[in-house]
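Okay, structure first, notes after.
Going by the order they are written in, the chains are A, B, C, D, E and F; count residues from 1 in each one.
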Amino acid sequence: MSRIICFGEIMLRLSPPGYLRFVQANSFDATYGGGEANVSISLANYGMDAAFVTKIPDNSIGQAAINSLRQYGVNTDFIVKGGSRLGIYFLEKGASQRPSKVIYDRSNSSIATAGEGDFDWDFIFEGAKWFHFTGITPALSENVRKITEKACIKAKEKGLTVSCDLNYRKNLWSTEKAGKVMGQLMEYVDLCIANEEDAEKVFGIKAENTDVTGGQLDTEGYKEVAKKLKEKFNFDKVAITLRESFSASHNNWSAMLYAEDGFYFSKKYFINIVDRVGGGDSFGGGLIYALINQYDLQEAIEFAVAASCLKHSVEGDFNHVTVDEVKTLIKGDGSGRVQR
Amino acid sequence: MSRIICFGEIMLRLSPPGYLRFVQANSFDATYGGGEANVSISLANYGMDAAFVTKIPDNSIGQAAINSLRQYGVNTDFIVKGGSRLGIYFLEKGASQRPSKVIYDRSNSSIATAGEGDFDWDFIFEGAKWFHFTGITPALSENVRKITEKACIKAKEKGLTVSCDLNYRKNLWSTEKAGKVMGQLMEYVDLCIANEEDAEKVFGIKAENTDVTGGQLDTEGYKEVAKKLKEKFNFDKVAITLRESFSASHNNWSAMLYAEDGFYFSKKYFINIVDRVGGGDSFGGGLIYALINQYDLQEAIEFAVAASCLKHSVEGDFNHVTVDEVKTLIKGDGSGRVQR
Amino acid sequence: MSRIICFGEIMLRLSPPGYLRFVQANSFDATYGGGEANVSISLANYGMDAAFVTKIPDNSIGQAAINSLRQYGVNTDFIVKGGSRLGIYFLEKGASQRPSKVIYDRSNSSIATAGEGDFDWDFIFEGAKWFHFTGITPALSENVRKITEKACIKAKEKGLTVSCDLNYRKNLWSTEKAGKVMGQLMEYVDLCIANEEDAEKVFGIKAENTDVTGGQLDTEGYKEVAKKLKEKFNFDKVAITLRESFSASHNNWSAMLYAEDGFYFSKKYFINIVDRVGGGDSFGGGLIYALINQYDLQEAIEFAVAASCLKHSVEGDFNHVTVDEVKTLIKGDGSGRVQR
Amino acid sequence: MSRIICFGEIMLRLSPPGYLRFVQANSFDATYGGGEANVSISLANYGMDAAFVTKIPDNSIGQAAINSLRQYGVNTDFIVKGGSRLGIYFLEKGASQRPSKVIYDRSNSSIATAGEGDFDWDFIFEGAKWFHFTGITPALSENVRKITEKACIKAKEKGLTVSCDLNYRKNLWSTEKAGKVMGQLMEYVDLCIANEEDAEKVFGIKAENTDVTGGQLDTEGYKEVAKKLKEKFNFDKVAITLRESFSASHNNWSAMLYAEDGFYFSKKYFINIVDRVGGGDSFGGGLIYALINQYDLQEAIEFAVAASCLKHSVEGDFNHVTVDEVKTLIKGDGSGRVQR
Amino acid sequence: MSRIICFGEIMLRLSPPGYLRFVQANSFDATYGGGEANVSISLANYGMDAAFVTKIPDNSIGQAAINSLRQYGVNTDFIVKGGSRLGIYFLEKGASQRPSKVIYDRSNSSIATAGEGDFDWDFIFEGAKWFHFTGITPALSENVRKITEKACIKAKEKGLTVSCDLNYRKNLWSTEKAGKVMGQLMEYVDLCIANEEDAEKVFGIKAENTDVTGGQLDTEGYKEVAKKLKEKFNFDKVAITLRESFSASHNNWSAMLYAEDGFYFSKKYFINIVDRVGGGDSFGGGLIYALINQYDLQEAIEFAVAASCLKHSVEGDFNHVTVDEVKTLIKGDGSGRVQR
Amino acid sequence: MSRIICFGEIMLRLSPPGYLRFVQANSFDATYGGGEANVSISLANYGMDAAFVTKIPDNSIGQAAINSLRQYGVNTDFIVKGGSRLGIYFLEKGASQRPSKVIYDRSNSSIATAGEGDFDWDFIFEGAKWFHFTGITPALSENVRKITEKACIKAKEKGLTVSCDLNYRKNLWSTEKAGKVMGQLMEYVDLCIANEEDAEKVFGIKAENTDVTGGQLDTEGYKEVAKKLKEKFNFDKVAITLRESFSASHNNWSAMLYAEDGFYFSKKYFINIVDRVGGGDSFGGGLIYALINQYDLQEAIEFAVAASCLKHSVEGDFNHVTVDEVKTLIKGDGSGRVQR
C-alpha cells in the first residue's frame, strides 16, 4: 500500500458546547483539525497509509495534536517538534439563520515559523505515491510557501501525484497574493479541488458566457470554470464542490469532476447539519481515496460527495466514516434506519 | 386496576453523548431499555399497574436496571436475581444520512441463561389481565423460548389477553428459526403488533396482488398483510406501524389497526427525531393502554400513534409522556407552543 | 447616550440539559431571565445604556442574577436587595410535536413582595429616555402593580417614552383582572407590543369583519387589531409579532408595526429552533433599539424581527447578538455560511 | 417485614458541580433529600419496608421527587399530591477552611401548607412498626406541627416505636419555640437522636459539672446530656452523634448510645469528606435498622456510626450503602482496598 | 469610595476538567485570569470600586474576558480594544506528588503589543486612590514596560498609593533583565509584595547571616529579606507570603508584613488545595483592601492571609469570597461546618 | 530501539463520574485498560517501542480500544480482530473508608476465546527484546493459557527477557489452579513482579521465621518471600510492591527489588489518591523501562516506584507521565509546586 503525504497545519479547535455562543461559553470542546490533517484522517479511516507532515511545539498541547492523529491511524513519524505554539481556532456553531463563526488565533504557530531545513522531502516521500496540500499552507508564511514549493518540486521529481484544494482564506492573504503564489504552485498540481468561490477568489476565474436559461445556468457556469482552470494550469482533473446554503442547519451538497473525457456530476444530498467544518476536506479525502483505488470517475465523484455528505453529520473536523458506510449511502440508503 | 405483565430482557444502553460516533466517545450516557421493559414503562407512565418480569445479575448494574424501572413506577417484584451479567447494547445516534448504529453485547445475559424454574407464572399472573412479550424474547435462547411458551400457555389458561410485537432481530436468529418458533407461539396471541418488515421476515407474509395505482398501493399492501396474518393465526387484532424514513433526522409515522370489523388508519405525523429507539415499543404500550381502557378502535390507533410520535422526541428507550399529553396531540395540537 | 430603564422580575431559569424531560433530569442548566431583563440585555448587547430595576434577595442566588446582567453590561445600580427569594422557573425544552413546558415557582419572590418605598423613580429616571415594562410585572402582586403605575406616571412626567409588552400570563391573573389593570396602565404607554394572542386575552380585542379571502385574512385581521388598540389607548405605535408554530422545532416568524402613517410588515423567517424562550422579548429589545436610534419604521420592524429571528438560535432567555449580526441578516444573508 | 413510616419534607437539592461557588455555577446537580426522606432511603437500601409520607405539588418536579424515592425502593403510596411547590435548598460544597453553605427556599412548600385532612394516619400506620420524624417537620408550620402531633398520638395508640432526631434549624424557628413544641412531642418519643448541639439549642440541656480532667471531659459531658434528656422525657434510648470538624474536608465521626443499662460508645472514624449532608440522617437510618433487627446495643451504635461514616463518601443526601458494606467496615476493613 | 486601578494582562485560562492531564483532555474549562485582574476581582468582591486596565482584541474572546470582569463588578471602562489576540494559558491541575503545570501561550497578545498612546493615565487615575501592578506586566514587552513606568510616574504625581507584586516569571525574562527593570520601577512603589522566591530571583536579595537555630531560621531569614528590600527601595511596607508545599494537594500558608514599626506574622493555615492558582494575587487583593480600609497591620496581614487561604478552596484564578467570609475565618472558624 | 511485547487483555472500563456509586450513575466515563496494556502504555509514554498483542472484536468498540493504544504511541499491528466482544469492567471509585469496587464483565471476550492459531509468535517477536505478561492472561481460558505458554517458550528461544506480574485475580481462578499454571510458566520468567499478597495466593509463599522486632518485621518478611520466590523459580530478579492502605483516599507506596547482589528498597511515598487502578502496572512499566535502559538496581526501583506513585494522581488505567517527570520526583521534588 502506497503512502499519501499531507502537508499543512493542524490546529487546536475550541468550540463552545452545543449551540452556545462564545460569550456564553464556560468550557470549550477541544479537538484538532486543519485542511490537510483532515484529509489524512479520512484516508486513514479508509484504511490507507496516510502521513501528516507539519511542525508542532514540543509541549503537551502539541503532543495532544499528534495523539489525535495517531489515534485514528495517521502516520505522524515525519512531524517535526519545535517552535513556540500550536495554532488555535475558535469555532462557534451556528444554527438556523445564525452562521457558524470562526476566530483564528494561528499566527506564529510552529508550522508558520518553520524553516526549510525542518523537512527532508526526500526522506518523507520515500515510498509515497501521492502528495496533498491546500491553499492555506503556502499562505501561512513566506517560509512555508517556500517549503511547499520545494515539496511540490520534489514530489513531481519522484513521480507522485499532487493534489491541491485551493481553499482561499481571506484572513491569511489577499486575493492578489493568493493568485500569484498559487499560480506558481499549480504547475505541479495534477488534481485541483475548489469550492464554488475559490476559483474566482484566487484566480479570478468565473463563468462568463453562461446560458441564462433557468436551472441549467449554474451547472454550465461551473463547467466553464472547471474548463478554464484545466486549460490555464493543465490539470489532469478538476473537482468543484457545490454547496447550497439554505441556513446554518440545512444545506444541499453535491459536486462535479472534470477530466479529459468529460464532466461527472454527483447526486445531490439535502443535509441536516451536525458539523459543517471539514466538509470540503472530507470531499478531498474521499476523492483521493477513490482515484488512488482506481474507481471510475463517476464512482469517484459519487464516493467523494457521499463521504462528505456523511461528514456533515459527524462532530469535529475529522470525518469518521468507513468505506462501507460511504458505499451504503452511494447505493441509495440515506434513510437513516437504525443499523442493528 | 388489573395488572399487565411484560416479560423479556432489559439491557444497559450505552450511548455516546449527542451525535458523537463510537470512536469519538469518552463517555457513555447510561440508560436501560428493552422491548417489553419499554412497554411496561409506557403503561406505568399512564398510571397502569405494569410489572416487568426478567432475570438480572445480583450486582449493582442489575440493581440499577431494577431501579430504572421502579423509578417510573413499574412493579419489579417478580424480577429474579442471578446469572452472570446484564445484557448491554451500545447505541450511536445517527443524523441526516448517517443511520443510528446498534452494537449488541447481550449474549450470556442472566435472562438468556435463565431456567424454567426461575419463573412461577401462576404466582406472577395472579390478578393480572394482560401478558405482553416480543419476538426478541424467545430468540434469546432455547430456555427462554420454553419459558415464553409456558408463560403463554399459563396466560391463556388464566384468561389473560396476550399481545406480541413480532420485532424480528436478525442478530439473534434466522428468519427460518424465527418463523418456526414464533409460528408456534402465535397460537396464544390475541393482539399481534408488527412493523412494515416483520411479517415478511418472520412469516414470509407480504402483499401480493396489490393494486399498483399510485399512493394507494402501500395502504392496500399493508391491509393484505394484516388480513393474512389474522387469517393464518386467528388473531383478534393486528396492528402495523408504518414508518417512512427520509433520513435519521426526519421520519413520517403512522399505523393501521385491523380487527373483525375493519381497518383503522391513524393520522400521519412528520417527526423531527430526538431518539428513535423504542418508538415501536411506545406504540405497543399506547395500544395496550387504549385497548385495556376500552377506547374504540379508531381512538385506540390514534392514541398509540400519537404516543409513539411523542416518543421520538424523548431521549432514551422509555417513553415519558402522560395520557394528557398524548390526548393533547390527538386533539390536533402538535404546534409545539410553549406550555406555561 | 440616554438610558433605557427596564422594570420587572428576573428569575433563575432551570432547564434539563438538551431535550431531557423534567423526570429524566439529574442536573439543570442554570441561567437567568425575565421579560424586561431580557429586553435590557438585548439593548446592552447593542451597546445601549440599559438599566434593569428589580428587587432580589440578599443572598448568593440573588447575586448571581445580578452578575448575569452585569456580565453583559446591563446597569444594575438600581436593583434593590431584600425580600426572601428569587423567583424560579423550570423550563423543559420541547422538540417536534412535544411542546416546551414551563413550571413557574415565582410566588413570594423579592420583587413580588416589594414595597412602594423600595424604588425612588425620580432617582432612577435621572438621565433616562425610555421606560419599558411588560404585562407580567403588574400581575406579580398588588404592590408591584402600584409600583408600576407610579413608575409610569413618573416616566411620563419626566418625558420618557414608555413601552409595554402586553405579555399575558394566565398563571398570574385572569383575563378580567389583566384587562382592568392593563387598561389603566395603557394610558401612559407610547409603544404597545403584543403577540397574536395578547390583545384578545387582555383587552378582548380581536379581528371582526375580516375579509375572508384566502391568505390575506390574517394580515387584515392583525391590522384591525392594531387599529383598535391604537384607537382605544391612543398609542403612538403598536407592534404585533406573528408566530406560525409548525412544531416545537420549526416556526415561521414575522411582525407588523402600525403607526400614524400606516402598516409596516417585516420579512418572514422560517426558523429551526434552538431556544424559543425570550423570542418576544428580543423583538421588543430590537424594536426599542431601532426606534431610539431613529430607524425609519420599515427598518425598525425589520431590525426587531431579524434580531428576534436570531434569538431563536441562541440558548437561554438572553439574546446575544450584535447590531452587525442583525444587519447582516436584514441584508439577506441567512445562509448560515461559516463566518471566518 | 414490618413497615417503618417516615414523615417530613423532601426538597429539591441544587448544588453547583464540584467545588464551584454559587456565583460561579452555570448548572446545578439536581438530587432530592430531607431529614426523614434520607432515613427512609437508608432503610430501603438495607432491604427494609420503608415508607415516606409527605405532600408534594402535582407537577413534574414533585413527580421527580417521588421517583427519586421509588428508584431506591421507598414506598411512596402515602404521598399526597397538591399544594403549590416543592421546597428547594441550594447547597454549595465547601472544602478546606471554606464551609459548605446552604440557602433554603422552602417556604410555602406543599408540605408546609398541608392540612390535617391530608393524612389518614390510621391507614398509613396499618401494618407499621416504627414511626420516625425530625425536629424539622413540626417547625415547618403550625399545621404541620399539629399533623405531627396527631401522627405521634396515633403511632403510640397503635403501638409503634417512635423515634425523633432533634435536628434544630435556626432558620425555621427560635430556640424558645423549638423547646416548647418539641417538649410536647417528646412525650411520644422512644428513641431520641441528637447531635452535639441540638440538646442545648432545643432544650437548653448541656453538661454542667463535668470533670475537667483532659480528654475525658467531652465524653462525660455527653453522658450527662444524655442522662438529662432521658430523665426529662423518659426516653427509652438516647443517641448522640459526635462530630469533630477539622475542616470542610476532614472530620472525626463517632457516637454514643444511652439506654437503661448504660452507655455505648462507638469506634471513631477519621473521614475524608465527599458529601457531608445527610450524615446525621444516615446515622438515624442505621440505628433504626439495627434496633428493629435487634442488634445488641454496642452492635447497634457501631452499625449506625459505620453506616454514617460511609455516607460521608457518598454524593447527595441519600446514603447508598448496603448492610454488607456497613458490616465490612465494622469488622475493621476501612482500608479502602479495591473490591474486585 | 475611591477607586483602585489594576493594570496588566488578562488571559483565557484553559484547564482540563478535574485532574485530567493535558493529553487526556477532550474539553477545557474556560475561565479568565491574570495577576492584576485577579486582584481587581478580589477588591470588587469586597465591595470596592476596582478597575482593571488592559488591552484586549476586539473579538468575542476578548469580550468574554471583559464580561468575566464585569460579572463580578470590576470596572472595565478603561479597557482598550484592539490588537490581535488574547493571551492564553493552559493549566493542568496537579495532585499529590504531581505538580500543576502551566503552558503559556501569551506572546503577541493585545496588551503585549499595546502602544503608549493606548492609555490616558490622567483620565484613568481620575478619582483613583491606589495603583497596583505586578512584575509580570513590565515583562510583557518593552512597550508595556514603558507604559507601566509612565503609569507609575503619573500615579505618584497624583498622589496614589502604588503597590507591586514582584511575581517573577522565568518564561518572560531573565533574572538580570527583571532586576534592572523592576529596580527602576520600585522607586514609585509604596507596598511591595513578594513570595519566598521573588526577592532572590529579581533582586538577588536573600537571607545571609541567619541564626541557624532550628525553626526560627526561616522566620529570621524572611525578616532579613524584608529589611533589605525596604532599605534598598525605601518601601513603606513589604509583605512576604510563606508557602510550605508538602504536595500539590496540601500546603501550609502564612505571611509576614514589615513596616516601620516592626514585623507582623499571620496565623498559619494547613490547606487542602482545590485550586492554588491566584493564591498570591488573592493575598495582594486582601492586603490592599485591609490597608485601604485602615485595618491595623496585624489585622491587615491576617485578613490577607485568611482571604488567600480561602482562595485555595475556590476554582479558577478569581477569589470569590466576601469580607464576612474572611472575617469568620480570622475569628477562628475554619471548622468547615455547614453554614445553613 | 528494541521492541517490548506485552500480551493480554484490554477491556472497556466504565466508571461513574467522580465519586458517584453505580446506582447513582447516569453516565460512565469510558476508558480502556488491562494489566499488560497498561504496561505497554507506560513504556510508549517513555518513548519506548512497545507493542500490545491481543484479540479484539471487529466492531467500533474494539476499534476504540485499539485507538486508545495508538493514541499514545503503542504499536497495535499485532492485534488480531475477531471474536464476539470486548471485555468490560465497571469501576466505582471509592473514597475514605468506602473502597473502590470492580464488577467484571469479561467472560467470552475475543481474547478469552482466541485460538492458538491467532498469534504467530515468530513474527511478533521479530526484533523484540522483552516479553511481558501477567497472571491474569493465562487465567482467561485454557486456550489463552496455551497461547501464553507458547509465547513464553518462543520468547526464550529467541533470547527475549521475560517478565511476569503475578497479579492474582480470584474471580478468574482458584489459588490452586493459579499455582499450578503459574508454576509451569515461571520457568520462562526472568523478572517476577508481585504485590504483598500475590506470592502467598499463587504459590503459598509467605514469610515464616521473621524476626519479630518492631518495624523491621515486614521488611524482613518481604525479603524472605523474595528469596523463596527466587530460589524456587530461579528468577533473575524479584520485585515486590508494598502498599499500605490507610483508606481509599490515602496510601503509602514503596517497593523492593531483589537480585543476586542483594535487596534494594525504594523511598516511600504518602499518596493522595486520584485513581489507584493500574498502580501496579505502572510499577511494572517503570521497572522494565529502567532495566532495559540499564539503570543500576537502586535507580531502577526508585524509578519504578516514583513512576507508579505519580500514576495514583492520574485518571484511568494508563500512566501518563514522562521520564522527566519521574526523574524530577526521584530527585526529591514532590512538593507539587506549579510548573510554569
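By our rule, a residue touches a chain if its C-beta (ideal position, glycine included) is under 8 Å from a C-beta of that chain, and two chains touch if they have at least 3 such contacts.
This is a predicted model, so every value here is computed, not measured.
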Partner chains shared by chain B and chain E (touch criterion as defined above): A, C, D, F
If a chain touches chain D and chain E alike, it appears here: C, F
Higher-contact pair (C-beta pairs counted), B-F versus B-D: B-F
Of all other chains, the one whose Cα centre sits farthest from chain E: B
Interface sides of chain B and chain C: same vs different residues, half threshold: different
Chain whose average C-alpha position is farthest from chain F's own: C
Rounded Å distance, chain C centre to chain E centre (Cα mean): 42
Touching two or more other chains - residue numbers and ranges from chain F: 18, 21, 23, 26, 67, 72, 101
Full enumeration of touching chain pairs: A-B, A-C, A-E, A-F, B-C, B-D, B-F, C-D, C-E, D-E, D-F, E-F
Interface residues, chain A side, partner chain C - complex: 18-21, 23-24, 94-102, 104, 169-171, 245-251, 276-277
Of chain D, residues touching chain F in the complex: 18, 72, 269, 271-274, 309-310, 312-316, 320-321, 325, 329, 333-340
Residues of chain E touching chain C in the complex: 67-68, 70-73
For the chain D and chain C complex, residues of the former touching the latter: 14, 17, 21-23, 25-31, 59-61, 63-64, 67, 84-85, 88, 90, 92, 101, 103, 105, 107-108
